[in-house]
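Two complexes are shown next, each including chain A; its partner changes from chain B in the first to chain C in the second.
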Partner chain A sequence: MNEVPQPRDESGLRIQELAYGLKVRDVMTSKIFTVTRRCTMWEVQTIMKSNGISGVPVVDGCHVVGIVSMHDIMVAIEGGYLDDTVASHMVSDVQTLSDEVPLTFAMSAFTKYSYRRFPVVNQNNELVGIVTPRNINLALIRELSRQLDEIEEGESQLIDKKITAFHRIYRLTRYDFEHAGRASAELKKELKARGVPSKVIRRAAIASYELEINVVAHSHGGTFTMLVDEGRVRITANDFGPGIPDVDAAMTEGFSTANDWIRSQGFGAGMGLPNVKRVSDEFEIQSGVEMGTMVKAIVYLKKGVD
Partner chain B sequence: MNLKQIVEVLDATPLYAENGWESLKITEVFASDLISDILVSEGDDQLLLTSLTSPQVVRTAALIGATAIVLVHRRQAPPGMATVAREQAMPLFCGAVATYDACVLLGQLKERDQ
Partner chain C sequence: MKVSELNSVGFCCVQNKFEDAEITGGYTSDLLSDVMGNLKDGQVLITIQAHKNTIAVASLSGALAVIFCHGRSVTPDVLEAAADEGIALFSTSDNQFDATVTLAHSLR
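What follows is the complex of A and B.
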């Protein structure tokens, strides 16, 4: 279990969808073995051997200052410096992951970097766990079987109660303006059929359309999910990067990174995300540079906010 | 105003229009070349004047429930645009005048109409 499913075309949309629903916090190992700078490489090697792990974070209090991997130990054995402290042989430029980001960000990180594990930190930058490809695979399998159980249990009930949830997942391709907007058109049709007030439909359609266009215009591609139940529309746009370096700026009206070609198509006014936020009852955005962006917008069907 | 009056005033030719388009009622006119602005424009029986010629304009107009689109300034629409217009059942015309002149002409028409 050394490979993680790539958050790209090779993995199924359903798998991606599972990964978007999970956060790194949900899948990481919280029981972690750490060492300080003063420990020896020999001690690290012993910890790895007796616990069956292949990497140990080096901490100063709660903060990660380095990491020692199996590779570092092997080099130490070769070089005969197992008695040295880890301070001089650890990798000190450590890439960490936030515990709050979607699992897909972690999947992207494993693709981008050659690391086999990432220390996970909380908002205060304190070490709270470690995530490996194995964690990801196990979590996806667990989630998949949980959902299958739910489907099996719930199917008959759903038919009985005539609860018809509308759930669609689309794949969006970079610069494919020809197809962008189709999901929104479908959403509009569905909401109309449900007798949703036209003002609410309009708000949902605006959020949906702007998000669809965003993925097509600004990302390397991604997925787009719509879920309509009795009370609300949930629209989720996930992409595989490049990520937004400054989310606050992106939320500012008029701020745009669109190129001339996108602008020539009538886009890139810098109103996309602000518009989505304005029309949504709930709005959430998360972005990791080189990892991806996730935007979730929820519009209540029953409460008119306009 | 109806669409026929508008099309005549703007000297526009149809790229796509179904039978009966002539009598479609137009109450408001929105002129813009920014998709985001078109998307949040609110108007009933709305006509969209634009110089954008991407199929996305048609989708956007359909999404907001616009009645018809007139391209200004004799913009050449790519064939894909008429195709999307057909899919969306969105009347699409190509007009000869520029945006400003089109707005003036439609303003006059609106006044005469009232």
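What follows is the complex of A and C.
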């Protein structure tokens, strides 16, 4: 059973796009119930029953040390040990999510693990909230209606200025070098048609091409989005993993994890991400091991920085 | 030196739909990201990577022509992509070092 939209099916392309701007922090429930190791299973059951929740994190100070789910309570009732403390029956191997990561990572995590909830922690590894599929669905609906409002507003403005936004989403497949570059070619054509200076076009196209190649060469596949409006090109590459263990290393020129086959295709020089950063006016990268990587590059059309 | 003159110094033209512009220099590399990061407008790319991605990279970086070394065979899809992008293609049995030396001498 999976209540979260699957990022891998076709409709998922749009859903991923919806979730791009959102972080786990924006959608989590931050007012949550917690227990300590010394509380009893019966107390946890009471908290669940009276508040309509299905999982309670166990904390030591601000840190998560375990979690008790409805399933654990049912087993406790069956086994007749509701009076035992939480310590001996909680699940102590808890998968948490950072509040900084994109919502799409949380969606991947729900797809990958069978957990129904993830405690959310801040940079200091302190518990700051909890995220469930319900949080995600609500956030997506909210974001969808916000974007619809924006489109309605934007359209009336665009008609005045006779400029339309260019928006494309592509699916990229692992090792499909044949089709990588397709998005960048379209982007180039579009920018040329808009009379963008060729130096700016080149910077946008390089960012776009490197990111396409990255997804194809290094990830299990993913989505690639381009948005061109009056002032800028926004390129977003979002993949389904495996994630980058050391982002700083990946941003260093010459660092590469490419295998021989990738190298035989002429890639894997360890310059992809540094190249993207160099040609972009704004650059952002986030990666979660086993969850995926999101890179956002923005090139300004007007400033014409070389 | 113009692109068309590469023929006269021993490079064999295999794709001739291009604008015959003045060559500003050359860049020799088989790593396409390196090419994208460093090749300058108006230069010639010298490489052994004879596939479609090379054409995409050459076009993005502003290369006028690509010289494929070691007599690597050029497939029809590569020729077609280069014609679409207006990038001249040359072939040589020389290795990258010798091709680079030849081009460098011709440009001086």
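Heads up, the rule we're going with is that the second predicted complex is superposed on the first by the 296 of 306 C-alpha atoms of A that agree within 3 Å, B and C clash if a C-alpha of one lies under 4 Å from a C-alpha of the other, contacts with A are read in each partner's own complex, and residues count from 1 in each chain.
The working rule: contacts are C-beta pairs under 8 Å (C-beta built on N, C-alpha and C of every residue); 3 or more make two chains touch, one makes a residue touch a chain.
Just so it is clear, the model here is predicted, and its values are computed rather than measured.
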Next item on the list: Assess the superposed three-chain arrangement around chain A: do chain B and chain C clash, or do they fit?
Entry: clash
Next item on the list: Tell me which partner A:Ala183 touches in the superposition: chain B (first), chain C (second), both or neither.
Entry: neither
Notebook entry, point to check: Of the two partner chains, chain B (first) and chain C (second), which one does A:Val44 touch, if any: first, second, both, or neither?
Noted result: neither
Notebook entry, point to check: Does chain B (first) or chain C (second) touch A:Leu301, or do both, or does neither?
Noted result: neither
Margin query: For A:Gln265, using the defined touch cut-off, is the partner it touches chain B, chain C, both, or neither? Pick first, second, both or neither.
Written below: both
Check: Once the two structures are fitted together, what part of chain A is touched by chain B and by chain C alike?
Finding: 177-178, 180-181, 184-185, 188, 202, 205-206, 209-210, 213, 265-267, 269, 271-272, 275
Item checked: chain C partner contacts - residues on chain A that touch it in the complex -> 177-178, 180-181, 184-185, 188, 202, 205-206, 209-210, 213, 265-272, 274-275, 278
Checklist line | Residues of chain C defined as touching chain A within the complex | finding: 30-34, 36-37, 47, 49, 51-54, 56-57, 60-62
Notebook entry, point to check: Can you list the residues on chain A that touch chain B in the complex?
Noted result: 177-178, 180-182, 184-185, 188, 198, 202, 205-206, 209-210, 213, 265-267, 269, 271-272, 275
Checklist line | Contact set on chain B toward chain A in their complex | finding: 33-40, 42, 50, 52, 54-57, 59-60, 62-65, 80, 88
